[in-house]
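One chain, subunit A, appears in both complexes that follow, with subunit B as partner in the first and subunit C in the second.
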Partner chain A sequence: MRRVLSHDAVFIILVLLPIIVLVTLFIYYPAASTFQTSLTSENLRIRRPAEFIGLKNYNFLLHDAEFWEVTRRSLVVVLLTLPLEMLIGFLVALLLNERFPGRGIVRTLVILPWMMPPVVNGFLWGWLLNGEYGALNGFLYELGLINQYRYWLRAPETQIVWVAVVQTWTRFAFPMIILLAGLQSIPDELYDAAKVDGAGVWARLRAVTFPLLLPSFAVALVIEFTTTFQIFDVVWTLTSSGGAGGTINPFTKTLMIFNYELVFRDLRIGRGAALSYIILLMSLAVGMIVVWRIYRQGIRE
Partner chain B sequence: MTRLRSRPRMIRLMFIYLAVAVTLFWALAPIYWVMVSSISTRAELYTAPKKVWFPASPTLQNYQDLFTTGPKYRAGGFLPTADLMSRGMRNSIVASTATAALVTLLATGAGYVFARLRFRGNQIAFFYLMLMMPLPIWVSLVELYFMFSRLELMDTLVGLILILTTLALPISTWLMTTYIRDIPIEIEDAALVDGCSRWRLLVSIIMPLARPGMVAVFLVALLMAWNNFLIPLIFTRTSASQPMTVVLSLFIGQYEVAWEAMSAAAVVTMVPPFLMALFFQRYLVRGLTLGAVK
Partner chain C sequence: MKRVSSFILIAVLFTMLAAPGIAARAQQVTITFLTPPWGVPPNEEKLAAFEAETGIKVDVQSVQMNDLFSRVQVAAAAGEAPADVIFLSEEAPSNIVATGNMLPLNDLIEATPELNIDDIERLEFFTLDGNVYGITTYLQMVMMDYNAERLAAAGFDAPPTTWQELRDMAVAIKEKGIDQYPIAFGAIDWSWYLIALSMGDPMFDEDLNPVFADEGSKAREAMAMLLGFFKDELISPEMLATPTTPHAVFWSGVGVFHQAWQGSVAVGNNPEVSAHAPNVKYMLLPEVGNTWSFPAGIGISANSKNVEAAWKFIQWYVSPDTQEDIYKAVGLYPSRISVQQALHEAGAIEGYDVIAEQSKRIHELPRYALWWGPFAQYATETIYQAILTGGDPDKVIDDLAKEWNSLKEEYGE
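Our next item is the complex of A and B:
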């Protein structure tokens, strides 16, 4: 780092200005004005000017049965997805930490689901799970596990489970990569030392691998929490929440889908704005941990 | 690692490849099926209970139909898909490449400033930028929607590009900052002593040295923009700006369900990210893990 000469000021301003303007204009300004809206009764269905109503929208939502149902459902998706994807991610990371011919190709291929548009993943699984001609039915039939095709997505209570499965399929590569990086940073000597002490495979996992992987686990968990808590695309195409026809599937309505419905279908802008701030508060607490970490690493490193 | 005797080694490898097979089946079987579906005829695809796992005579007819006459499954089954598909592709390609180019340019400049120049407000500006990363995008979208209507940016590619660019800025700037910081500073010092301006320095010294970082940022932004669904869902209305992710979602839930054609549309939508993942994975992983992995 060195001192800035005065003519550098022009350079700094010209380089940073477009970025600051974009972020301010498209993120922070609308965010602030959404907050303002959340304190009003704005509803485009009603021909009446919006009035300031204080925290009434928030109060309404917090006493709204549907809000709690949708929140509970989002948490169910998170609670099903996170352990599953962490487990699969960890197992695959352990596998890819071994040395074997073809490891590079396997790693590349395993990551594919995560790189694809989530909207495609939802569609793809919807077709796999199809009750009349779906591949899952065909596969299980040939293995003799079922003797009749099933409509996997028909029962409302199972739909949300499939949402979690598809989300797990979409995201598991993320914790896998983080954990693999964590595993690779563990020095071999530690394992050798444990071996000398007579530790078996399980004991080595417990005494060396798990404690040293904890930070990686934490990072992956936090990021995956915010991602899955705000799930949208997969739900939309898997259970045809939107479709072009426009009905929103009530059985897989998660927080973000609910928010979309409030704002863009019901046109209850004020209430929708309040909901988006409630979602913000719920996920920000967790998300801030990540930012703080990234910020520190970026500025000091 | 110590060399093991060959027999235990064989057994170890056998277990490993067994696990590899299971893993790859889980990760790839759904992708395989949608690809096979897209090159099957409807008759083969709609067999049950025994499925045809690979078509007897693979065909590209579904793709051809999709881009020419269309298998009439839109809007009650009477509108051809040709227009929707070709414009969807055009919009996706234009929006994501323009976004990636713009992001790379802006992030490289900003990365240089954050990495090399000390000035008052440096840290504040950096934090200001990073702070938006965990913001659930919804809090901005609600009012942005009305703002875009007023600014007549609704349903335009320009509007779409501007939002997608803004969303990719924090992570891209972060990546460029850390990348440029790792470039040895001596070359720049020499250039500055010779009276080289900051602009010249950025363009003719930093940019060539930072090219791998710029490529990574470009690819990450391209992938993020291409895969995005929520943003175009809200800010596009017609085929004037609807990208492939939205076009695909329009096909779903229509009256006549043509899975073979929808599979072809899905494959078309996933091919670019698919190829990028295969060929440029090293570049992508770091950006997509928010720098959690070097």
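Our next item is the complex of A and C:
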């Protein structure tokens, strides 16, 4: 009888089988089940069996003013956060790419905010920004920059800005790590050659660093876009309004908060599942554009 | 052979010594009790005594109310019990009971005459279609309390009897520098219900139509009053900037008039908790003075596999002894008439006369409606938004009525 599979092939299949089973059980099966639910009218408040309604949930959301409002708000958070996060991450990566005493300690300190749970960061900044006893007020007051304490989180316009600040503080270390790895992979010979040609610091950055860092930049950008677009923890802990347990703040309601509201507050499981898929598709679309344009260009460079 | 005999002897000795423990553990049932922090049994020694006496181990899981609802709903979706015993707040009828997550207790009540069910008030709050889903543990109704010393310092010797009078007093208190933010109300739906019901608005008719939106209604006046309080900074901006409660703000020493509850004066006059101690007193709600109640109960999850043990725990939890402990620990008014009377006779209930008078003016909100939960959250968000953007009170009322009708159409059977 002819042997169909070689020993190596069988070994590979056996080694991969557990992870395939786990991924199928914990990722693909729930994803498929969620999609199926999104095609139904499932609502846990209504004691009627859920009915198949096709794409009605998607149609409702795409014609819902609130959906577009929260999408706009999520994009605002991204536009406020991403440039700041990538810039700070890049500058810190440049700094940590140089050798100096205590570099290891600085590197550890810099990633501390990222290591802390976002929920903790949200609560921490909530205390810092408190209008009665917050450290920010105390600090600015002592410096003479303000003459009375302010409620930093009171105005709707500033709430979303502070969300962006806290998200930047929480996440900048991640792109920093990726960009630092990218910087360290650039051969020193290229910089030496550029110096020989008379290129200054800015010229070396423009001609050597930026082009070769594009693939790393693209990876960091995609991951950070997805994370920030789907922001939840910081918004919830920093800006949920009064009442024990927190009430959704309409001025900082982003897509994931809206999703939480649909599923856990309103118990509209079918509609919430549809929203999950819309969020997934929007995140994928951006990811694909970034990969297609920036990453490929970086590879060419 | 000698070694084998020694080993057998040691094994037998060990089994004889360990057997009672093993048997006890085998008999011991563990039940879970899902509750917010104020529902945790306050007397740990008595809970331990209950566990020792019954062999029932109680695993108390304390979570915030919104998390409690989430856990119940997620478990329900999977057909599981989130816990054996579940604390039922005033939002539970809509969020948990009407959605079929609780076990009817009628048969258990009938089989337990020693429970003395007639001694327990407001059982109807957790009764739906004739089925009792929760045993009331404490009673609460929204009341108001105030700092009598600060009010007197402003030149007023009695609390206000109308809302305009309250507003005028608050302005005077602020202008005299006695308290910068004299009103401790939240930027939430409750503040509106409190003022509207107190002004005499019925809010909904018997068919659950939102009569609060009728032209010239008291509810419209109430909304304007509430938004005005914030606009004129009679309420601390901290209510808008942080996830705090009017209670935390009041007890920190800010405010003269406080949205409170039956039993809150005990906390307000506790110097370990409140900066206002010992000057806090109840006041009757102004004008018509209607209010609504929010009792709490305790029930068994519909999917619990330990119904018998859960029922024993519930009997202990609502016993006169435990209710008295809860009152002394957190000021929650007992649901048992016998305990209320005993505490009153012992002089332990501050402001009993005002409580008794206020309790004659209950006008319930339709919390049993399936859509009450989403409506209440929407109302809070809309009010919060209107406060921060200077919204028109009439438009807020119209939005709320529109949302109510939309939800009613969606959920109505």
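Assume the second predicted complex is superposed on the first by the 251 of 301 C-alpha atoms of A that agree within 3 Å, B and C clash if a C-alpha of one lies under 4 Å from a C-alpha of the other, contacts with A are read in each partner's own complex, and residues count from 1 in each chain.
Assume a contact is a pair of C-beta atoms (placed from the backbone, for glycine too) under 8 Å apart; a residue touches a chain by one contact, two chains touch by 3 or more.
If you're wondering where the values come from, they're calculated on a predicted model, not measured in any experiment.
By the document's definition of touching, of the two partners only subunit C reaches A:L153; subunit B does not.
Residue contacts after overlaying the shared chain place A:E98 against subunit B, while subunit C stays out of touching range.
Look at A:N130: by the touch rule set out above, it reaches both subunit B and subunit C. Judged by the touch definition given at the top, the superposed model places A:L87 against neither subunit B nor subunit C.
Once chain A of one complex is fitted onto chain A of the other, the partner contacts of A:D233 are limited to subunit B, with no touch recorded for subunit C. Of the two partner chains placed by superposition, A:L17 touches none, neither subunit B nor subunit C. Once the two structures are superposed, subunit B and subunit C can be ranked by residues of subunit A touched, with B on top. In the superposed pair of complexes, A:I269 makes contact with subunit B and with subunit C alike.
Overlap of the subunit B and subunit C contact sets on subunit A: residues 126, 130, 132, 240, 242-245, 264, 269.
Interface residues of subunit A, counted against subunit C in their complex, comprise 44-47, 126, 130-132, 151-156, 240-251, 261, 264-267, 269.
Subunit B makes touch with subunit A in their complex at residues 1, 13, 16-17, 19-20, 23-24, 26-31, 33-34, 37, 45-51, 53, 75, 106, 109-110, 112-114, 116-119, 123, 125-136, 138-145, 147, 162-163, 165-166, 169, 173-174, 177-178, 181, 198-199, 223, 226-230, 233-234, 245, 248-254, 259, 262-263, 266, 269-270, 273-274, 276-278, 281, 284-285, 288-294. On the subunit A side of its complex with subunit B, the touching residues are 1-4, 7-9, 11-12, 15-16, 18-20, 22-23, 26-31, 33-35, 37, 88, 92, 95, 98-100, 102, 106-121, 123-128, 130, 132-133, 135, 137-139, 141-142, 148-149, 169, 173-174, 177-178, 181, 188, 216, 219-220, 223, 226, 230, 232-233, 236-237, 240, 242-245, 256, 259, 263-264, 269, 272-273, 276-277, 279-280, 283-284, 287-288, 290-291, 294-295, 297-299, 301. Residues of subunit C touching subunit A in their complex: 36, 64-67, 69-70, 73-74, 76-77, 98-100, 186-188, 237-246, 370-371, 373-374, 377, 380-382, 384-385, 388-389, 411, 413.
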